Amino acid sequence: MKPVCLVIGAGAGIGGHVGKRFAREGYHSVLCRRSDEQGLDRLVKEIEANDGSASGHLLDATQPNTIEDCVAAVEKDVGQIEVAVFNLGAQIGNRILENTSYKAFELGWRLATFGLFRLASSVGPLMVERGNGTILVTSATAAVRGNAGQHSHAAAMGGRRMLCQTLNAELAPKGVHVAHILIDGAVDAPDTLGKMLGAERFQKLREERGLEQDGLLLPEKVAETYLHVAQQHRSAWTHELDLRAFSDLPWWNH
Amino acid sequence: MKPVCLVIGAGAGIGGHVGKRFAREGYHSVLCRRSDEQGLDRLVKEIEANDGSASGHLLDATQPNTIEDCVAAVEKDVGQIEVAVFNLGAQIGNRILENTSYKAFELGWRLATFGLFRLASSVGPLMVERGNGTILVTSATAAVRGNAGQHSHAAAMGGRRMLCQTLNAELAPKGVHVAHILIDGAVDAPDTLGKMLGAERFQKLREERGLEQDGLLLPEKVAETYLHVAQQHRSAWTHELDLRAFSDLPWWNH
Amino acid sequence: MKPVCLVIGAGAGIGGHVGKRFAREGYHSVLCRRSDEQGLDRLVKEIEANDGSASGHLLDATQPNTIEDCVAAVEKDVGQIEVAVFNLGAQIGNRILENTSYKAFELGWRLATFGLFRLASSVGPLMVERGNGTILVTSATAAVRGNAGQHSHAAAMGGRRMLCQTLNAELAPKGVHVAHILIDGAVDAPDTLGKMLGAERFQKLREERGLEQDGLLLPEKVAETYLHVAQQHRSAWTHELDLRAFSDLPWWNH
Amino acid sequence: MKPVCLVIGAGAGIGGHVGKRFAREGYHSVLCRRSDEQGLDRLVKEIEANDGSASGHLLDATQPNTIEDCVAAVEKDVGQIEVAVFNLGAQIGNRILENTSYKAFELGWRLATFGLFRLASSVGPLMVERGNGTILVTSATAAVRGNAGQHSHAAAMGGRRMLCQTLNAELAPKGVHVAHILIDGAVDAPDTLGKMLGAERFQKLREERGLEQDGLLLPEKVAETYLHVAQQHRSAWTHELDLRAFSDLPWWNH
């Protein structure tokens, strides 16, 4: 039975490519996303066509028990989750205070912070019992600085980052590797950035940043680092690292 | 009519002393806390006995509309809120993952992160309209590092810190000063630290740290810095500062 | 005999105004700068004309024994140094790697990092012996992030910040307050920013940022916070804080 | 002709193992260290015995022109430096202020900060001209927090970290990858930690931390991450990451 890589938030960007990369490495990838069953099927078939193993689940992380049930079902029916990837974003664009509803503020937290807590509460104890496992958390610049209009997103991501530290403090000595991966730039992903910008502006950005197609973060290259972190020997674990395109400014530089 | 200093979370520690200090400076202090009406009355009377002006409100920040209604009532009946102090904590002691219920995790966020968002959403636009105002946010070490067992607290405080940055980014250019005040140590406060430790351990800690009674953060001294920050000229505002007793280790030193 | 406030780097900006502010508070200010004896005399006379007490020293911080001899002479002839302000900058403008000579790189360190170490080595033990004292260190954005072209400045300031932490870790428990004050913006100072930009561009910037004359950091307002930090009770000391004009972007926001 | 991996500071710890790992990957490793020619020869022979390619240089980084001449000689005689690893430490143990001589303080900077600047000044422009290259910088906890007694070390490492950021800001857009690798823990290295502690205490620490021999950072495992960072695609580069043993506390946790 193959070890399982569970991806919460597996679209056409980082999540999907991480699923593909781990499948290529011999994992069974369980790909979870909220909607677009067709896209999900396509992803699974693409993995299988490359002699990989995968399955897909539609999962609404705002609903009770969805993450918990998924973890339980995978452990029961598919195999032990060795790697859990939390890849849910909560970017809703810039909104001034008066346009940020309580509902939007809470939703950010529910997806980006509480969702990770639920995943960790479900899968963490299983990994502790086995004495190993990896939880890879995709994070965003908003986890380390709050820009104007980012009230919901930054509060949620700031909470996520501190939660990664408390999880690491508790789980690392028990053999479970928790990593906070700061994606500090725009990802070349049609169904997140692409949707936010619209098809035309997205294509324009790609062309502007183009530079031989690597001016945006390419998700298949990002996935290589996810794999490396999951494979680090426990005598030399990374808890926090950043990733950005060479041509992009780090968040701390003007 | 006196300018108002509204304190959300005004017990016998920092909140109460900030209320007293601002009253002494000529503000009318509106002191809000969840319970202990008697203690609240005592605080108001102590301020009045020193020729200050104050009033008290019982307010449960976990309930809808409480913060919002309080802000509206104060502005209508008492005066313009020039300084709003958000001083709600959410420390529940160290609990391992399996002992941290979803409810406890959410409550931390609801008090420590969402409560601030509600206050800022209520009072921020009023301050913007007037072109000035100050929002002082008490924060904790857990806002900058997550220790073992602090899942709920650190996630909530990490969110609070990033929220302070987004509020500052939006409000500062409009004349509203937002400050994140990191209380990096134990406060000599009977009804927070005292309750958490119990009377006996609290007294013991005070004696150990004693050193002429200043080995813990003395809330009346902390209040001096709150006042200073509120009085800073807008050409030289502080957004973030830390406070600890001289004899204590900063969070970054072992 | 008045307590002494020693200012290393007392020009027409922050250093000079800190000297004036402390003199007004009852300190004797010893003002040290590298050159412009006339300007120094003017500053001393201005303080004396306001019933304050001050004296001036020309001091080249790149030369051996200058800081050390000054501390010794002041302690012997003027009075006990209660507050030492280290206000030497090392900004040389942006230079690409190939245009940053080894000499320029070393000079940055010699002024901005080693200069502080020399001051702390000279005055720290005296303060420790007396069980109190304050060392206020002016710092710059380059202490927390390195921008393009800032090789010399950022390396020097990054070193300065870490040195402030090691000094604090050692001296604070012995009663000596060390504070790292991050000046995160342009200061309205004719002889540093003014010289760097040239008279015309400086005046233009002042007008652009003008907004009732507070769009740049006004050094006399900055000085109020230096005084406050020096007056904090030792149960509630600040080690690190930032200062910027309300209308300016913090370094972490784009 | 093989691409060259130049290691400044190649002892029996991280530097030597990085040299071995890159040699195994097809690089010619140029190993530089201050002394112990015998040890250096042994290292080169070990690499050659494994079908790798390497050469050794004795190099005193405190002396003028040593790093510069080495870079020039390697480029002329051995091959293009694709990866430059700066692995010089400057830890001298904890010393209080009065026991930290000016000489010791300067030496820390000269090795840990200026040494990197010299390497970057020598090799950076060559890499920029070729449009690619990698500079991997070993860093230490003291780069992000200053503990008591670490005056020289922390000031030097804080400068090093900021220098890495300025180098990255300038070189990354030109295709040169700069990474700051924070080694946040004790490395199982006989000739640095081993010498500092003495043979007996070193062995005792190894046994205490043992836990199947991975309670200290194992340098051969650390080397895997150096290799990964050097191999990252330029659309997804890491600038900063931390490494520690699973059983160790991160620097921010008490």
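First chain written, first letter: the chains are A, B, C and D, and each begins at residue 1.
One rule holds for everything that comes next: a contact is a pair of C-beta atoms (placed from the backbone, for glycine too) under 8 Å apart; a residue touches a chain by one contact, two chains touch by 3 or more.
Fair warning: this is a prediction, and the values are worked out from it, not measured in the lab.
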Give me the chains shared as neighbours by subunit B and subunit D.
A, C
Farthest chain from subunit D, going by the mean of C-alpha atoms per chain?
B
Proportion of interface numbers common to subunit A and subunit B (over half same, under half different):
same
If you average the CA atoms of subunit A and of subunit C, how far apart do the two points sit, in angstrom?
45
Roughly how many whole angstrom separate the Cα centroids of subunit C and subunit D?
34
Residues of subunit A whose C-beta touches two or more other chains
145-148, 165, 168-169, 252-253
Residues on subunit C engaged by subunit A in the complex (per definition of touch)
144-148, 251-254
Subunit D residues within the subunit C interface of the complex
96-98, 100, 102, 105-106, 109, 113-114, 117-118, 120-121, 124-125, 142-143, 145-151, 154-171
Would you tell me which residues of subunit A are touching subunit D in their complex?
165, 168-169, 172-173, 175, 177, 188, 213-218, 221-222, 224-225, 228, 232-247, 249-250, 252-253
